[in-house]
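In structure tokens below, several structures.
Okay, so subunit A shows up in both of these, paired with subunit B first and subunit C after.
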Partner chain A sequence: MEFTVSRADLVRELNLSQGVVEKKTTIPILSNVLVEAEGDRIVLTATDLELGIRCSCPARVKKAGAGTIPAKRLLDYVRLLPEGDVQVKIADNHWANITCGRSKTRIAGMSRDSFPELPEMPAVLAEIPIGVVAQMIGKTVFAISNEESRFTLSGALLVLRKGGLAMVATDGHRLAMVESGGEIAGITAAYRALLPRKAMMELQKLANDADPAAIVQFSGDENHLFFKLGDRLLLSRKLTGNFPDYERVLPKEHGASVGLNREDLRAAIERVSQFSDERSRAIRVRVGDGEVKVHSSVSDTGESEDSIPAEYKGAPVEIGFNAQYMVDFLRAVDGETITFLFKDPHSAGELQPTATDKGGSYRYVIMPMRI
Partner chain B sequence: MVRWELENFFGNAAVVETLTEMIRGQRIPQTLLLSGPEGVGKATLARRFGALLLGHPERIEQDDLSLESNAAIMADREKWPSDKRNEDPLFFSSHPDFVTFPPDGPLRQLTIPQMRLLKERASLKPLSGAWRVFLIDGIDRANEQAANSLLKTLEEPPPHLILIMTARNPFDLLPTIRSRAVPLPLGRLTEGDMRAFARARALDEAERRLRLAEGSPGVAVALDLEAYGRRREAMLALLRVASGVDPFGAWMKHADSIAARRTEKLDSYLDVLYILLEDVLRATNGIAPLRNEDARTHIQAVAERVSFDWLRAAVARVDELMDLLRRNIQKSLALDAFAAALRAR
Partner chain C sequence: MKTYFHLDMDAFFVSVEELFDPSLKGKPVVVGGRANERGVVSAASYAARKFGVHSAMPLRTAYKLCPQAIFVDGHRERYIECSRQVFAVLQKFSPRVEMASIDEAYLDMTGTERLHGPPLAAAHALHNAVRTATNLNCSIGVASSRLVAKISSDQAKPHGVLWIIPGQEARFLAPLDVRKIPGVGKVTEKNLNAQGIRKVGDLTVLDEKLLLEQFGNWALALAGKARGEDAGAWFDSEIGENGDPKSISHEHTFSVDTAEIAALDATLVRLSEMVARRLRDHHLYARTVQIKLRYSDFSTFTRARTLDHATQIDAELAAAVRDLFHKNWTGKPIRLLGVYGQSLEGSEGQTNLLDEGAIGKWRKTLRAVDQMREKFGDGTVSLAAGMKANLRARVHDNPENLPGKDPRAKDPPEN
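Up next, the complex of A and B:
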């Protein structure tokens, strides 16, 4: 195989594969990137068996073929080359010769035969702007469980239904659900799948590098999920298991609600939580006449209280929450004000942005703590 | 198709038949425990079984731990600091849906980070087809915490996962592990099976290998006769000294050369010592042939000096050393103490 490619293109595409390339040493082929040259393009594929990424860029292909090259070593070297054309040639003994101007390098590669075969993308199920996907991920990913034994919770539920898209994540103590606003093209049938956290992270990386309006083609088969953005394809194994029935967790109605300035609330909770118990991170939120008080105390270290003005006229209520859970939401949500919905100290509380854009919704439910 | 894969498996026909039947009837238990002595083919059978379910046997066979490349990876990791090993838990997966978790580190143990990785990977669906097969090769090498952390996965494996565990002695395991798996005990091979195996593999010095391997094809193949000869010479010298045939000084030069071989583990010597003690017992009772028939004169000399009580004490001492191995005892000191204690009897 032999081709010539621009250094900038090669570095850009190799960079994308770095998050997916296996850094571990036990399966050497997975630290390699598969390079396939055909027609007027090269295709780069990397996988850690959990995720796969396939990207391509234009190249002048002199001799079509395929081979694998250690991904990190290749990137680290190519990055240091001067701007210009890079010539790559992989010999039958799997050694890759890389020439650029007056620089010449040989890297030991491996046969492509042992590189895992990745599945082909089936028919497209939806076409979603990457900006929407990234935003939905940003609003849910923090609620995913870190407990490895609860494997159905180690990812987010992706729901496709007529006219919309929803993403839900929970760790059993809190639940974040976001629904896209606006029409999503291409959805003809309902579809649900569990998307692993790692895939969500990689999708966000793809988004960082793209125009938010660019369209992601989404698809799935029995075991995999596919996201195609232009010439780049990210695929991930699905997580197995039954996601909890989140619709039953979402409170139908709350007794009361209060609007609060998002920044004020976040700053108050961050300050006060310095004095909460390190393990439980418990704080008390007291909604009273004209203000919301946030309070926490650890008997032998100290205590702290903050108060935020609020328009509230009902009976005072005090509920315990995990400060970290509240801050997670307040950092992820946009808008100046949020609405806090609640009933009593034994019922779940809910946070929402006060104004939602274009028919979308964002709901965040937190279980109360007994203090 | 089923026949073809398992045809080349020697011995333990009943277990092979059971596994074949499981696939034929598509009634496959999700947790299996293959138990039996070293080298009878527990992991080999697990791989063949996996290949029947997943295809691509050639890929799965690349994860055979006895292959030189894999053994080299594992030997290399022994030198790593434990932090690095914990960050990069050991597993092999040449076939994307067949994952092998071998014991790791100088003490060859299954670690908690490996089990954590297993659980994380377990929840992901297969790359293709309906199944993923995970092989925990040597669950008896997992410490209690690591074993306990597996219980939930063993009890409720994800629907696509088949978890195969191997162990030399199932009764070394926590009862909670044992009771969660379908047990499939493998035994040593008959002499006929072993001969058929040796012919099929065209083993050199087959007679000698078969006598030493004692019904274990894996041992017969893996046996490094040269290293074995060297170790046997040292261990024979140890027994001659311990039984009072030779003065203590005769042991010193062997002790020095054992101490100088830093990478060689004490177990490899103790395994030889067990075989020699067995031969001494055979010789005292006139049972022929000895497993080390070629060293008969030395063994006979020891046998004439010792009583049954001495032999029993010697075996108990080796057992004790085996137990102490995981505490990283000093090789030559341990062997010196062995000889000294038995000379005193």
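Up next, the complex of A and C:
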């Protein structure tokens, strides 16, 4: 196999494979990227058996064929080459020769025969603007559990229904649910699947590189989910198991609510939480007459309090929360004001953007702390 | 100037057994189990000690040293009862009493002179009062620090009172073996001896810098102890102050090593229940669980896991413990299992979104279960998975809620 490709193209596409190639060397071939040259393009494929990515770029193919090259080593090297054309030639002994101007390198590759075959993408189920997908990921991904043992919570639930979609993530302490606004014409059928966190991160990377209006084609088979954006295909194993019945735990009603400036609240919590217990991150939120107070103290370190003006006339309520959980939401949500809904110190509290566009919704439920 | 008493019961378990069976008096008696059983000596009478038998020694070794000894099972409930009687007496002498274990206590007697007279007189009065109330002998050390009080009660044994006059601490300690200092064990003693340090006095003449280099930070505490000061670990706190435990644990040694999953599971569940029970007694929540496995060859492993929320609920602890065990067990026969609750927190902290209903039910259930156990005994109610476990508390384990240890513990008994 032999081809010539622009360095810039090669670096850009190889970058996308980095999040997917296996970091551990338990199966050496998975550290490699599969390079296939055919016609006037090369196709790059990487997988860790959980995730797979396939992308391509134009190339002048002198001799069609395929081989695998260690992905990280290849990228690290090509990145250091000067701008221009890079010539790649993989010999029968699987060694890759890379030539660029006056630089020459040989990298030990491996036969493509042992590289796993990626499943074929089945018929497209939905077509969604990538910007919508990326936004929804940004609003839920932080609520995913870090607990290895809570397997079904290590991703988000993706729900497609005619004209729209929803994403739900929870770690058992808080839950983020976002629903798309407006009508998305490309979604015509209902579908539910658990999308692993890592796939969500890679999808966001794809989105960063694309026009938000660009359409991602979505599909799924029994075990996999597929996202195709232009020439790039991301596929992921589905998480198996049952996502908790989230609708059951969403509060039906709260006793009271108060509107707050998002930035003011975020800044106040970030300041005050400097004086919360490092492990529990507990702060007290006190909603009182005309203001919301945020307070935190650690007996031998210090204490801190911030107050935010608020229009509130009800009975004062004090609730403990994990500061990090609140800040996570306040960083992800758009808009100038948010609404804090609550009942008592033992019931779930909820944060929402005060205004949502085009009938979409964003709900963030947080369980209180007993301090 | 402080005045501390350290009161230590003489051969406590043996003496209590003698109350119930006077024929044991003066004979070599070993408490802890039968001579051919696996397990250790909980206590030995002075007559048995003459043969080299001491507590914590395997029963079979004790039998080899002193085959004529009378081996008796321990009666935990008797010891706890006697311990409570002693505590009741101590409370009449000072409001600041801390039972350091089932058979020893520290009293802060500072400022009680007008009530009880000078220290030595008060000590004699206490000595007699304990004898009168319980029919048991004890020894009392009196000193200006708890450390010296503890060492002097040891020197006063049996059935004596020893007062170290303030200012004379160093002179009293100097001729004693370094091993007499609480906190100096077999290994430290060996290390110190290797440096030519045999007596406490040898420590006081050493340069602190040199000690620090040779033994690290704790050596400074050791030097302080050698001068008779309260220093290091427990001795840094006040009597009866901040008695919150750092960790709560229970262990079980199988009478025959086992690799039978049902028996191991049942034991883990029972141990988890016991730990959870004590967490609730102390109003504490464990954020980390740890297990200890000891195989037949004595190789010992500990494995810990931090939970995503702190708990004191039996089922939650047991689930984490069993999972941890099955992920780490090699399948070989087990000699000992231990369950630890660690990273203890005073409040429950983060509540749960998905399981809050179930947890709430557990909380209520366990409150009722604890009351039943209080009234009818520990074995009355247990998780089904733990029913097959055959555990009993070892007689030399300290009972839960030693008076004075935990300021939030139940009210002390009425006088």
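We adopt the following convention: the second predicted complex is superposed on the first by the 370 of 371 C-alpha atoms of A that agree within 3 Å, B and C clash if a C-alpha of one lies under 4 Å from a C-alpha of the other, contacts with A are read in each partner's own complex, and residues count from 1 in each chain.
The criterion applied here is as follows: a residue touches a chain if its C-beta (ideal position, glycine included) is under 8 Å from a C-beta of that chain, and two chains touch if they have at least 3 such contacts.
As the structure is a computational prediction, the values presented were derived from the model and not from experiment.
J.: Please determine, from the superposition on subunit A, whether subunit B and subunit C clash or fit.
T.: clash
J.: Based on the superposed arrangement, let me know which partner A:K89 touches: subunit B (first), subunit C (second), both, or neither?
T.: neither
J.: Kindly classify A:N322 by the partners it touches after superposition: subunit B alone (first), subunit C alone (second), both, or neither?
T.: So A:N322 only meets subunit C here.
J.: Just subunit B (first), just subunit C (second), both, or neither: which does A:R284 touch?
T.: Neither: A:R284 stays clear of subunit B and subunit C.
J.: Now for A:G172: first (subunit B), second (subunit C), both, or neither, which partner does it touch?
T.: The answer is second: A:G172 touches subunit C but not subunit B.
J.: Going by the contact rule set out at the top, does A:S114 touch subunit B (first), subunit C (second), both, or neither?
T.: A:S114 contacts subunit B only, not subunit C.
J.: Contacts for A:E222 in the overlay, against subunit B (first) and subunit C (second): which applies, first, second, both or neither?
T.: It touches subunit B, and subunit C stays clear.
J.: Please indicate which partner A:T152 is in contact with in the superposed arrangement: first for subunit B, second for subunit C, both, or neither.
T.: Only subunit B; A:T152 stays clear of subunit C.
J.: With subunit C in view, single out which of the stretches 168-176, 276-284 or 294-302 of subunit B clashes with it after superposition.
T.: 168-176
J.: With the touch criterion stated at the top, can you tell me which subunit A residues are shared between the subunit B interface and the subunit C interface?
T.: Comparing the two interfaces on subunit A, one with subunit B and one with subunit C, the shared residues are 149.
J.: Name, in rising order, each residue of subunit A that touches subunit B in their complex.
T.: Residues 23-27, 29, 49-50, 114, 116-119, 148-149, 151-152, 154, 196, 222-224, 237-241 of subunit A touch subunit B in their complex.
J.: So in the complex, the part of subunit B that touches subunit A is made up of which residues?
T.: 59, 62, 73, 88, 90-94, 96, 116, 119-128, 152-153, 158-160
J.: Touching residues of subunit A toward subunit C in the complex: what are they?
T.: Touch list, subunit A to subunit C: 145, 147, 149-150, 170-175, 244, 249, 279-280, 282, 322, 346, 348, 365, 367-371.
J.: Quick one: which bits of subunit C touch subunit A in the complex? Just the residue numbers, please.
T.: 287, 308-309, 323, 343, 345, 347-356
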